[in-house]
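Sending over a structure as structure tokens; questions will come in a sec.
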Amino acid sequence: MFFAFLIEQLLNGLQFGVMLFLMAAGLTLVFGVMGLINLAHGSLFMLGAFFCSWIAEASGSFWIGLGGGFLAAAAAGALIEFAVIRRLYDRDHLDQVLATFALILIFSEVTRWVFGDQPLYLDIPPLLSGFLPLPGGGGYPVYRLAIIVVGLLTAYGLYLLITRTRLGMRIRAGESDREMIGALGVDIRKLYTAVFALGAALAGLAGGMVGALQSVQVGMGEPVLILAFVVIVIGGIGSVKGALVASILVGLTDTLGRIFLPQAFALVLPVAEATAAGSALASVAIYLLMAAILAWRPKGLFPVNA
Amino acid sequence: MTEPLLELQGLSKAFGAVKACDGVDLTLLPGEIHALIGPNGAGKSTLIAQVAGWLKPDAGAVHLLGEDVSHLSVAARANRGLGRSFQVSSLAGEFSALGNVLLALQGRDHGAFRFWSPLRKDTRLRAEAVAILERVGLAERATVQVSTLSHGERRLLEIALALALRPKVLLLDEPMAGLGPEGTRQLTEFLQPLKNEAAILLVEHDMDAVFALADRISVLVYGKVIASGPVEDIRRSAAVREAYLGDS
Amino acid sequence: MIERSRETLVNAVLAGLLLAAPLVATLLDEPFYVSLASRVAILALAGVGLNLALGYGGMVSFGHAAFFGLGGYVAGIAAFHAFEGSAFLSWPVTIGGSDQLLVVWLVAALVTALAALAIGAISLRTSGVYFIMITLAFAQMIYYLAISIPAYGGEDGLAIYLRNQLPLADSSDPLVFFFLCYGLLLLALFLSARIVAAPFGMALQCARMNEVRLATSGIAPYPIKLTAFVISAVITGIAGALFADLNGFVGPSMLSWHRSGEIMIFVILGGVGRLFGPLAGAALFILLESFIGGFTDRWQLLLGAVLLGVVLFARGGVMGLLAGRARHD
């Protein structure tokens, strides 16, 4: 029984981590290629969720909704890249933080305006609504497994994209030397827009999928955004591999911490106090993890050469 | 025999498989200018970074005034009498020339943790700062913001800042870079008598300046010192010609 | 020198306006505007703290809400125990609550200094974007800690039923409380001006412009930056204590990353590294919030647009527009 419970929690942690990876991949790519720190990435996640549930509601199909959320986030990403973000590449991080913080305010208000203050809900598609039996008893939601599969496939796809395609070659060239890529005759503006839209689309995909697990509302992107930042900082900013390792590390630490820390404290403390102390520690566990990793390796686990 | 002011013992540093610095021994005696030359990629920058304290050597030691400073920070080495200039000017760009010198003087006096009296109103330091600027011929440009100074003026200011520390050892990293013939001639004249104040380890590409100034020359190729000795010996050395002078 | 005297004039006008507003409001019997002025003074004070780290030291801290909130929680927890007559700590020594502002400020300063020392010591090992993110993460850590401690209200926060007091003056009088906030703001501005011009401040600014130069001058950058970070946090922490007493409430929202963003906005809107920038920025922010927020719920949209405009097109902020470019000689 404990074994099944452990597997369930491990899968939950993995699912959370994979979702974080979808967010973190875009952030870290955009930072690696363009040197931009984008706080509005959480808004793209939120947009993906809103469009997904809205289109799914209107069309009656989760799948059309998911595709719509993906495309809407990509389009929104391309739009803000064109209108605002590209003016920020040469600026310092402070300007980037503020301008993208301003974008969050704008996105949140506009979303509230268009979709109203009430949260939206998205149903899990019938195809994925069952449970998969776990060894040792119990079952695991197929939908969450599907998220894990999609996330891992995306990671593999990104790996292929970066190592095997012309776009990937340009991305790698852009990371190592921004001037060289201009000299290669690549239209750097189009490349940047494409990279940004790709990151946005992944955030939108994550938002759409998560929309079926939680209520879709304004502000839903920000907690995820901050965790995604924790992930890319731990992994080494600019490293997609680092983002994958760190997101799974963070997902597992957070999920397992919340379950097992209170229980661990209960071995030495009365139940009420153990629950309080355990959940307090669990809620900061990933930040402690990050502080420890950065104190040890100030540039993250997989530092990208500057 | 006189005690060297600066002594490098078996200094080694590798980046992956590349040995940027491979068992370098080198001394700098009081009152001399010791020039370090070598083709691009010979490991001069790596060597300087280890002497100044930006890089920790994999093996070997740096002795400054007889003390092993291998594990000391950049600031601590500066405080013990190591002044330096940079290949690419490295200044506090929004301050004036005077502000930059004041800052260096304050560093020398270990006075950074004073929170109350304005630094610019410290008349004693100010007078000293002006005197230093006069020495390098920048007195008239004292209040100009550094980012608007000309390239040549910045090179001079770099040297002024190194002098402000009253160093025993000066580490000059391509001071002539980008100066043009007239500027190079003036700086050469300025540096010549300076060696009596502080021994100079000079890294320089301009061979005329090197031959005019140096008392001794060491040649660095692929992280190793392949030759070291008085100017005339180096000039005549076949190995040096082949490795270095030949390709210029 | 013309530029400099123009900035002095702008500074004087800003300080004068902030002083005049609550006086006029009191004459017109509009206590709301007195507390609004207190709010401006307090948030400006928080900004003055951040400006020291961010504007002068170039340390882009995205976690100053941690110090703001910690100061607030010190005020709240002290008042809570004083009100209840219970002890904050009963072992090994008994520490009770306090309803005295001077005690609260002292403790708030100590607590924020210790927190900043720990956070700064780790964060300053990193730089650039890592520094931004790690300060943010530390603030989030304290935010979640505050939420998960039910004894002090958890998510609901903690009410301060009776405003903490002063020995001679009546701090519950809005105008008296304003004078307190205003006085502390002026004090912090004065101290900042001294620090920035002093050798320490010169070294700090050099650390922003060129750390290599600072180290080469024989001044180790790390202790300079850490000290400035701690001073900066203490000023912001005192502002947090005042803010809790002004609102009669402290909650996790004081620790949230939106708050960190807001404090940054005051500094940027006003003009980075300008002495009175945070005051100009906080005043503009509060004016936008209360007047535009008065007739539309969508004021954040406008705030976003204004902020975007300032970052993209008016980089000197309000002080840049009013007093010209910043000058160092």
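So that you can tell them apart, the chains are marked A, B and C in the order they are listed, and the count of residues begins at 1 in each.
Just so we're on the same page, a contact is a pair of C-beta atoms (placed from the backbone, for glycine too) under 8 Å apart; a residue touches a chain by one contact, two chains touch by 3 or more.
Everything numeric here is computed off the predicted structure, so don't read it as measured data.
Trainee: Report back the single chain whose CA centre is most distant from the CA centre of subunit A.
Mentor: So the chain farthest away from subunit A turns out to be B.
Trainee: Average the C-alpha coordinates of each chain, average all protein C-alpha coordinates together, and give the chain whose average is closest to the overall one.
Mentor: C
Trainee: Provide the C-alpha centroid distance between subunit B and subunit C, rounded to the nearest whole angstrom.
Mentor: Taking the average C-alpha coordinate of subunit B and of subunit C, the gap between them is 43 Å.
Trainee: When the centre of a chain is set as the mean of its C-alpha atoms, what distance in Å lies between subunit A and subunit B?
Mentor: Using C-alpha averages as centres, the distance is 48 Å.
Trainee: Approximately how many whole Å separate the CA-defined centres of subunit A and subunit C?
Mentor: Chain centroid spacing, subunit A to subunit C, equals 31 Å.
Trainee: Among the residues of subunit A, which are close enough to touch at least two other chains?
Mentor: Within subunit A, no residue contacts more than one other chain.
Trainee: Under the touch definition given earlier, write down the residues of subunit B that touch subunit C in their complex.
Mentor: 52, 73-76, 78-79, 84, 86, 90-96, 98-100, 102-104, 106-108, 110-120, 143, 145, 161, 164-165
Trainee: Could you pull out which subunit C residues touch subunit A in their complex?
Mentor: 54, 60, 62, 122, 125-126, 128-130, 132-134, 136-138, 140-141, 144-145, 147-150, 257, 261, 264-265, 268, 272, 298, 300-301, 303-305, 307-308, 311-312, 315
Trainee: In their shared complex, at which residues does subunit A touch subunit C?
Mentor: 31, 37, 84, 87, 91, 93-95, 97-99, 101-106, 108-110, 113, 222, 226, 229-230, 232-233, 237, 276, 279-280, 283-284, 287-288, 290-291, 294-295, 298-300
Trainee: Would you mind writing out the residues of subunit C in touch with subunit B in their complex?
Mentor: For subunit C paired with subunit B, touching residues are 194-195, 197-203, 205-206, 209-210, 212-221, 223-224, 227, 328-329.
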